[in-house]
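Next come two complexes built around chain A: one with chain B, the other with chain C.
Moving on, here comes the complex of A and B:
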C-alpha cells in the first residue's frame, strides 16, 4: 500500500470488475441449472451495442440502458428457446450467439453510421457517480470504493439479490435441483426446461448490464468491445466454486490483473501487447491450477 | 379402475388387457404378478405417468381423469416409483418440500417452517430420520422413507409403492412394514406392488393377481396361501411350444464354477457359488424373478463384470475375467438383454452395427472395404429378413428388427457358445418365434447355449436343462422333464421351496421308471 499507484489501481479494479461480475452472476444461474452457457460473451456484446445506440438516439440514459438490456434478453430468449425447446445442442447455439453478436453489431453499425470501426457518441450523458456517505471519513476505503458510477453499485446489489434468490427462494431451490437431477424435478411435477429458460433470461439480463457498463462508460462502441470478458466470467464461475462470494473474489482477481497491467504499461519497457495479455494468461493459469486442485481433491 | 387397457405401440406389447382393480378405503392391497405382468403400467396410469387407451378410473365413487402426477396429487394419490427420484445433495427437508415450498413474505423460502413441518411428519408417523442430513448420506431404506415423506407432505391419502422392498435389507423391510401399518391406522390406503409372496401374507389384506396383462384373481389374503398365489401368478399351462428335436448332448463347452460376485458395501453376495455347465447341443435355461441374480449372471458370463471368486472355462480353457473382446476372439457370442444400449449403437447405421465386432475382416490396407461390407450386410439382411435399410440409424427400426440385427451380427462368426439374455423381451410374437427358431437351429448345429430369462414359459419351452436362481443362488438345477411342472418351478423362483436335492431325487426316480 506504499506505492503511489496502489490506490488508483485498486479503485480501477473495482470499476473493471463490474462487467465480469454481472456476466458471471448471470452465468451462475445457467450453470446451476445444469447448462454450460458459453453465450455470455455474445450477450454482453449485444447489450453493449444496443444500450449505447439507444441512449444516443433517445438521449435518455435510463431508457437507453433499459432497451439495451431488453435486446440482450431477447437474444437470450431466442438462444434459450432454440436450445431447450428445439433441442439444439446448447454449446453450438452458444457458439452461434457468440458469432452472431460481433457480426450483427458490425453490420448494424455500418448500416447506421457507415463506419465499421469505433463509433463515438457526443451526446451520451455521463454515468452518475456516487459517493458512499458511510465510508466518506475512512480514507483508504473511501478512495477505493467510493465515487464509482451507479452500475458498479448495482452489480454489488445484483450479487446480493442473486445470493438470496439462489439460496433463499423456492425458485433457487428448484433451479439448483434442476442442475443436479432434472429427472427428479419432473417427478415433482415441475418443468425443468421452464426453469432453465428462466436462468438463460437472467443471464441475458445481467450480461446486458455488464455490456452496457463497457460502452456507456466510454460513450462509444468499439468492435469486439467485450474482448473475451464473457469467457473470463465463465472461468470466474468455476474458480468461484459456483458460489456468489467465490465469483466476487475470482472477478476481483481478474480485474486486479487487468488494472495492474494498465498501469504497468505506462512505466515499463515490456511490450504493451504482452502486458495486456496478462489477464488472459492469469485466467489460463488459474484454470489449470483449479483443475489440478480439483483432481487432487477428488482423489482424496 | 375399470377395464383399463394399455398397448405400447413402440414395442407392440399389450401391457394391460381390460384390467380392473378395486381398492377399498383404508386397506393395504397387494398387486402381484411376474415381471411384465402389467403391475407397474397399471399403477403408472393411476398416477398419471401413462395414459390408458381405454377404461376409466373411479376415485371415491366419482369418475376422474388423471393426466399428470399433479392431477393424482390433487386427488391425494401418491406413488413411490421403483427408482428413486431424489436430489442426493439436498437435505431430507429440501427433498420433501421441493415443488411446494412454504414461503414467507410471498417470495422467500420459509426454511424454519419447512423444517418444522417435515419433522412433524417424521414425528407423527414415527419415522426415524434426520431431516437435516443430505439424502446422499442416507441408507437406501431411509431414502425410501424420504420418498414416502414426499407423498405425506403432499397430503396423500392413497399411497402406491412400486416394489418398495426390492432394494431393502430384512430390518429395513420390517421397519417399512411397521410404517405402512401405522399409516393404515391413520386412515390411509396403500397399494403395494410386489412379486414377493411372503410380503403379501405379511402385510396385505387383499391381493389382486395379474398375469400377462390380465387380472386373474382377487383374494382376501386370509383366504389364500402362497402356493395358490404362486400358481395364479405363474399359471399352470406352459403357454409356449417350440419344436425341439431330440439330440444327445455333446462334450462340455462352457462351465461356470462356483462363481461368487460381491459388491462393495453389500454384505449379501449378488451371486453366491453359482455353478452351471453347458454342453454342445444343449440349451441351459436360467430362470428367476428379476433382482435374484439373472442380470448379474449375464454380466459375469459376458465378461462385462469381474467375478469375485470362482472360475469360468470354455472348452476346458480358463477364461475367468477375460475382457469381452478376448471372449469374442475365443468364439463366444452374446445377445444382451439391454439391446438398445448394450447391444447396439442407436445412432449408428444398421451396417455399422452389423460389422462393429468383426470389421477387421473387411479392412484392406487400413481402409474398410465398402463393397465387401455391403455384400455381407445384404446377405444377412436377407437371411434374417430384417426390415430396414442398411444406411438408416438402427434406432429407427422396430424392437424386433433391432434384435434381428444383433442376432445377425452375433451369429455371423463361427461360435460354439452363445449367451442369450432375455432374447424376446418386448418383442412381438413373430419376432419371438424367429428368435426361438434361431436358438434351436444353433443347438442343432452343435453350439452350447446359455439362455438367461425371466420368462419362465420361454425357459421351459426351449431348455434341455433348467436352472432356477433365487437371491443369487442356484436353488434348482434339473433336466427339463415333464415331471418338472410350471407350478413347481414357480415355487422355487418365488423362494417358497429351497429343497433342490429332493427335486433331483424326484427326477432320478422318474428317470428310473421310464
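Moving on, here comes the complex of A and C:
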C-alpha cells in the first residue's frame, strides 16, 4: 500500500467494480427466488448497447439511460415469461438470452451503422462525475472514493436499497420464501411465479444499469463489451454467500484483480492474453476454494 | 425423458420439435422482411441457397461434422444431469493441440501421426472437462460455472499461442503454420470442403447410442441423470458418474476440434472454432439428448448456418440473424407448454 500506484489502482477498482455490483445485486434477487439466472451476461449487453445508442440519438443522457434500462427489462420480461409461464428450463432460456444479446446487437449495429465492429459516438454527453464533499479533506479516501461518475454511487445506493427490500419488506420475505418453498407461498394465496417474474425484472433493471456503465463511460459500443462480467457476477453471488455485503466484498476482489491486471499490463511484458485470462482464473480459483471450504465446514 | 418412453412419447417429442423449428423459421422470414431491402431474394438464398450447388451443399454437411461431436458431447452429459458449459474452450484447445502434434511430426506417416493428433485432441478435451467433473465430485464445486470459467480462460491462452509463439509470420492471418499434407482428411465432394470425417462423426453417434442404451455404464449414467439420490440408494457409484460424463463430453468436444483441423482448416486460426461449443448445446436440445437424433439436429443447425451465410453473400443481411434464430429455438425448445398442448390435442383427436 506504500507504492504510489496503489491509489490509482484502488480508484480504478471502485470504478471496475460497479458493473459487477449491479449485475450481482440483481442476480441476488433471482437467486433468492430459487432461480439460476445465467442471463445476467446477456441482459448487461442489451443494456450497454441500447443505452449508448439511445443516448447518442436523443442527445440526452438521462433519457438514453432510461430507454437502455427499459430495453434490458423488456428482454428480461421475455426471458422470464418464457421460463415461468411457458415453463421452459430457465438454464436453457438463460443461454438463449446470452445468445440473443450479441446476435441482436450485431444485427442492429449492422443495420443502423453498417458496421459490426466498434461504434464510436463523438458527441455523447459525459457521465457526470461527483465529488463527495464529506471526505474531501481526507486525502487517501478522497482519492479512492471520490470523483467517480454518478453510476458508481448509484450502485452503492442500489446495494443498500436491495438489502432493505430483501430483509425488511414483505416483498423481500416472500421472495426468500419462494426460493425456499414455492408451494408454501402458494398456500398463503400468493403467486410464486409473479414473485419470480418480479425478481427477473429487477435483475434486468440492474443489469441494464451495469451494462450502461460499460458503454456510456467510453461513449462507444464494442462487440462482446461485457466479456464474461455477467458470469463473474454470478460467481460473486455465491462467494458472497447470497448476502448483499458479501457480494460487495466478492465484487471488490474481482474488480481489484482486474484493476491490478490492467496496471500490470502497462508495465510488464506478460502477454496481454494471459492478463485477460486472469479475471476468469481468479474467479474459478475463488469458486473452487470456496467449495473446498464449504465442504470441510460441512464435514465438521 | 421418462422410463419406458414409448412410441407415443417419441411422437410428442417429434411434433414439439417441429413446432419449435417452424416458429424459428417464421421468425427468420419476419426478420428478413424487417431487415432486408430485397426480402424475397434474401429468403430464397436463406432457405434454398444451401442446396443450389455441390459446393454449398458439401460445405453445409462439412459444418455438421464438429456439431455432431459437440452435440453428442452435450447430449451425454445432459442425459446424466451433468452440465458442461466449457465446450468452446475444449474444442479450441483441442484444435490447437492437434495442430501442434501434426507440426511436431512433419514427416511422420499420416495415419500414425493423425491418430496421435486425434488422441491428443481427445485427451485435451477430456482433461479440461474432467477437471470440472473432478472438482464437482470432490468438493461439490458447481461444474456448470467452473467449466465455463475454465473454458473462458483457456480461450485466452490458446489465443496467445496462435497469435504469439506458434504464429506463422509468412502469413497475414492470425494463424499457425499449415500442417503436413499427409494429415489432410480425404475430400469426398470436391470442390466443397466435405471430408470423410462425416462418416466418423456418424459412426461415433451410433457408438454413443449403443453405449448409452445398451451398456451397463450407459444405463447407470442415465439412471443418475434421472435421479442421482435414488440411484445412490440403488447401489450405483454416483460419484463416478459425475466425472465420467464430463470426461466423455470433453473427449467428444476434443474430437470436434481435432477434425476441424485435419479435415477443414489444416491449421489453427484465431477464433476459428467459436460457436461450435454453444451450438452443440442447441443440437443436443433439439435431439432431446438422444445420440442418434443428434445427427439430423446437427444437419439442421448446419443448414441454418449455411442459409445465413448464403443470404449474407448474395443479399444485404448479416450473418448474425442466425444467432437470433438460434436464440428463439433455445427459448422454446424446452417449453413444457408446447408439449402439454400436443398431448391435449392428441387426447381430443383420439377421443
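To be clear about the criterion, the second predicted complex is superposed on the first by the 300 of 300 C-alpha atoms of A that agree within 3 Å, B and C clash if a C-alpha of one lies under 4 Å from a C-alpha of the other, contacts with A are read in each partner's own complex, and residues count from 1 in each chain.
Following the convention adopted for this analysis, contacts are C-beta pairs under 8 Å (C-beta built on N, C-alpha and C of every residue); 3 or more make two chains touch, one makes a residue touch a chain.
Just so it is clear, the model here is predicted, and its values are computed rather than measured.
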First (chain B), second (chain C), both or neither touched by A:82: second
Chain B versus chain C as contact partner of A:132, first or second or both or neither: neither
Partner with the higher number of touched chain A residues, chain C or chain B: C
A:181 touches, of chain B and chain C: first, second, both or neither? first
Contacts of A:173 with chain B and chain C, given as first, second, both or neither: first
Touched partner set for A:7, first chain B, second chain C, both or neither: neither
Chain B versus chain C as contact partner of A:190, first or second or both or neither: first
Chain B versus chain C as contact partner of A:154, first or second or both or neither: neither
Of chain B, residues touching chain A in the complex: 68-70, 73, 81, 85-90, 94, 97-99, 101, 103, 107-109, 111, 150
For the chain A and chain C complex, residues of the former touching the latter: 36, 38, 78-79, 82, 85-89, 91-93, 95-97, 99-100, 102-104, 106-107, 110-111, 116, 228, 231, 234-235, 238, 271, 273-274, 276-278, 280-281, 283-284, 287-288, 291-292, 294-295
Contact footprint of chain B on chain A as seen in their complex: 164, 168-170, 172-174, 177, 180-181, 183-185, 187-190
Parts of chain C lying in touch with chain A, wherever the complex brings them together: 31, 35, 83, 135, 138-142, 144-146, 148-150, 152-154, 156-157, 159-160, 163-164, 278, 281, 285, 317-318, 320-324, 326-338
